[in-house]
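In the two complexes below, chain A is the common chain; its partner is chain B in one and chain C in the other.
On to the complex of A and B.
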């Protein structure tokens, strides 16, 4: 608020107190991953490198190596983000710049789908993937994930194209460039902030994605890190130290982005992202 | 027709994916809900009409699942909106260089991979010595089993609160400064300013967040699946969407009842379509659809 109350340090204390659980959770994860034993948030005993044995041993309890899961997660996240940014930008460019029949209903459909809860379609998508022969493949899950986030991406990119002045594009068109050249060489470079925002959002969202791979992937060779980590949760004896280390390893890219790009993250998530 | 070739090419890939993974599934959900598709009949399902819906309403556990769903959506929604509002207000009452890091911190539950996030909850609620809650209370219990609803609502709430926080924060920033000056000149206290100036200006965003999150909570089950998987005990925290998922895709009893699961999902799909079309109407769609810029 523009007027800072005189007693703002008091409000800071309130803010600190309600945020405490988040801090405690992160601290718990880090300490549990590093130490042999932790009582609440108090480390007992020595540092425990054996919590990190999953990095060096080929497999833990018959699971595939974590490096296989890491590679799958990286491929999954990169492919989803690339597809989503490219396809959403193309569609958004057409909506923002061109006239075609049913344009208004099309935009209305995108907006409706943006609010529509896609998880309710999981059961039918399972059936469709089996019919297409894409069940239990990474490609199938990539396509589903990219599609379900598409309405959000199109809506976001349309906003960026709308803000762009079209003088440069017009000049290029007058010079005889094709619509595709104009899109690829002129318009896309100008919406770089939008591409970065949507790309980061898509990467983060795909990196963490659990329910889609969990439902559509069976073979351990196609496991992503989410499935790798979840496989420990089902065990009767929970090795908290090992799991915390796996979790920390898995969440590391997210923590790094958080540490170095806070303001950037706030901008992305204020841009009309789903709840 | 040629003049529309370019826009169609640009829209092609997006339209194809939307057709394949939004429209076909909506139709498929409805169609499958009228069949007896199950593990044993996967290759040759037959049409059973409304039988699945009859079974659904005859289910003795339906009442419990409906009550669970109402409790989950109602309480999580209250937490999300209330906490989102509190966070937006409090982070706006401290200097920007304090408010921003705290807002970013509240994004962490949302951007952490759900598996890791839920594992942290499970660990903190576990028995001593690991569990922080057991440690603080001095009573060593698995609090996830003792108080599953508190866990489910808080775990979902800490993720959901940031949505309201961000929307309310930008709404507060959009309030004209003069209103605050006028309130200050009139000698209003901070709390009076919040109650009489800020909250009335937030009525519309609060309605938006409530409407939006009701729909997404009604259909979401990812965190419950990971946290309690509908337990403890028999259907302890099983909600409608999770039950549909269990029936169709991961039945404990071996034979998945795909058709019945589809019938439960169909109810959600119909609600989803109707409600999101309704949102489109009330959140002023016309204003959002402007004419394209270049016409060649």
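On to the complex of A and C.
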């Protein structure tokens, strides 16, 4: 029998009311993308396929093709997620399993960095990227985004590695594995739920990232979808229909990923590995 | 067909920070022998085993397999197999892949891996369930799979860390015999860590008793039982354990409070008198005592009596058990007494 609180219909109504503004926002987005005009949440006029012309025309209003931006966003998100999972796993394993000098201060530093507002680093990062010749490149932003998200990833993965039994690793060592082999063939497969959770989380976070590409990318050829969207705000007369359609297009992969990935995302909060 | 090697520990010491887990341990295991490390938890027996396996590096001292000094070597270069208390099977792999794991790491060709895994699994009676994962088989089968994984690479030394303690009591007895049979058949040198003295006595050629990181006695089960070297061994080996009474030896007897026992060839000075529960007799003559508790065990019963302020356990045949609260007389047979000095060391009778 499900455990429902008393007065659960009342709670349902409260939750519904809290969610309502977000629901209304999404509804507006969908309607505006589909119709010529929308007053409030009431569509006026006819269906407007021309809102979606950005998909077929090479360039809308001097912008690069949406497909270039899509490719950039996909590369950006995938690269950030891959880097983050890889580095966070290795770092977390070392922190969870090995003793080394300054381990405790290092842990404290990671926690501090996790809480640090990244925006305050923008100018310093700008200089660093200029120095490295990575300003205005996708690679540069990928590195910055991955670094800023790493502390969280390391903490998360450390939680998963902490739950692995020592016996299993000892057994692998006696079976003839090196530390490196133990990591790749025993420890890593066992934290698969953590990897999937962190991977999904990193993908979503990178997909939605705006301030870093906005600050460090100038050339239109390196635009991500977030920059593509933002470019509408600069115009004197904003084509809301077009903008809403692009917005929907931008959000679609997130909906899909969430649909398939929420099972793993929930693991972030329960942090559970079942042996 | 003995293929095991001897294992020799020399001045082996392990410290964790300030805590000394194992102190100055000297011990030798003969090729093909099964030796049990016995002691309460925290006595250093598992630490010693992990030093032999190569998981822990000794703080001081050496480990030799035959003439080969192995303590600087990585576990994979030592040729040992190990079974863990938790079995430590890899949950993401099938039993086949679990058992094959040590061979895969050695880059043994696929056909040979298949043949050897099959053969080892057959030997242990788990040939039919190799495609299942650890979570899908019973505890007994997991234990066999762990044993198969330890044996598949045909190690010189087999290390067993409480391999039976997670099994049901019923399977445990048959698993004891099974492990012993395999170990004899394969001729592998084996070291068994256990806190269960019955298991150690039943399985081992020799038993090393540990306490507080130090070796107390290293002897055959018979020797351990009949001539315990000190009060710790006397109290740990045997179930129920030996009765120990603190008092004073007077040269021609022993006294403790009002208890006075005439003894021939008794030593002098303070010490302990030990007597096993099965050697005490409830008889028509002897020292007056009162029965406190009677615990029937089926064939026998443990009778706890109070005798001049001392609580003693006496093992009697089921038919001879007294009623609780009865007044009885307890006889100490002179031939079955053990004398220990004030520090607990055995001093007689020789």
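Here is the rule we use: the second predicted complex is superposed on the first by the 249 of 275 C-alpha atoms of A that agree within 3 Å, B and C clash if a C-alpha of one lies under 4 Å from a C-alpha of the other, contacts with A are read in each partner's own complex, and residues count from 1 in each chain.
Here is the rule we use: contacts are C-beta pairs under 8 Å (C-beta built on N, C-alpha and C of every residue); 3 or more make two chains touch, one makes a residue touch a chain.
Owing to the predicted nature of the structure, the values given are computational and were not obtained by experimental measurement.
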item: Combined model on chain A: chain C and chain B, fit or clash; value: fit
item: Chain B, chain C and vertex chain A (Cα centres) - angle in steps of 10°; value: 100
item: Which superposed partner A:204 touches (first chain B, second chain C, both, neither); value: first
item: Touched partner set for A:175, first chain B, second chain C, both or neither; value: second
item: Touching partner for A:190 - first (chain B), second (chain C), both, neither; value: second
item: Which partner reaches more residues of chain A (counting touched residues only), chain B or chain C; value: B
item: After superposition on chain A, the shortest CA separation from chain B to chain C (Å); value: 5
item: Shared chain A contacts, counted only where both chain B and chain C touch the same residue; value: 170, 173, 275
item: Chain B-facing residues of chain A, complex; value: 1-5, 7-8, 11-12, 14-15, 18-19, 21-26, 28-29, 32, 37-41, 44, 86-88, 90-91, 93-101, 103-104, 106-109, 111-113, 115-128, 143-144, 146-148, 150-151, 154, 162, 166, 169-170, 173, 179-180, 183, 204, 207-208, 210-211, 215, 225-226, 229-230, 233, 238, 240, 243-244, 247, 250-251, 254, 257-258, 262-263, 265-266, 269-270, 274-275
item: Chain B to chain A touching residues, read off their complex; value: 4, 6-8, 10-11, 13-15, 17-18, 20-22, 24-26, 28-29, 32, 37, 80, 83, 86-87, 90-95, 98-116, 118-124, 126, 128-132, 134-136, 158, 160, 162-164, 166, 169-170, 172, 175, 177, 180-181, 184, 190, 193, 198, 209, 212-213, 215-216, 218-222, 225-226, 241, 244-245, 248-249, 258, 261-262, 265, 268-269, 272-273, 275-277, 279-280, 285, 288-296
item: Partner chain A, residues of chain C touching it in the complex; value: 50, 53-55, 74-76, 80-82, 84-86, 88-92, 101-102, 105-106, 135, 149-150, 153, 159
item: Touch list for chain A against partner chain C, complex; value: 165, 167-168, 170-178, 181, 186, 189-190, 192, 275
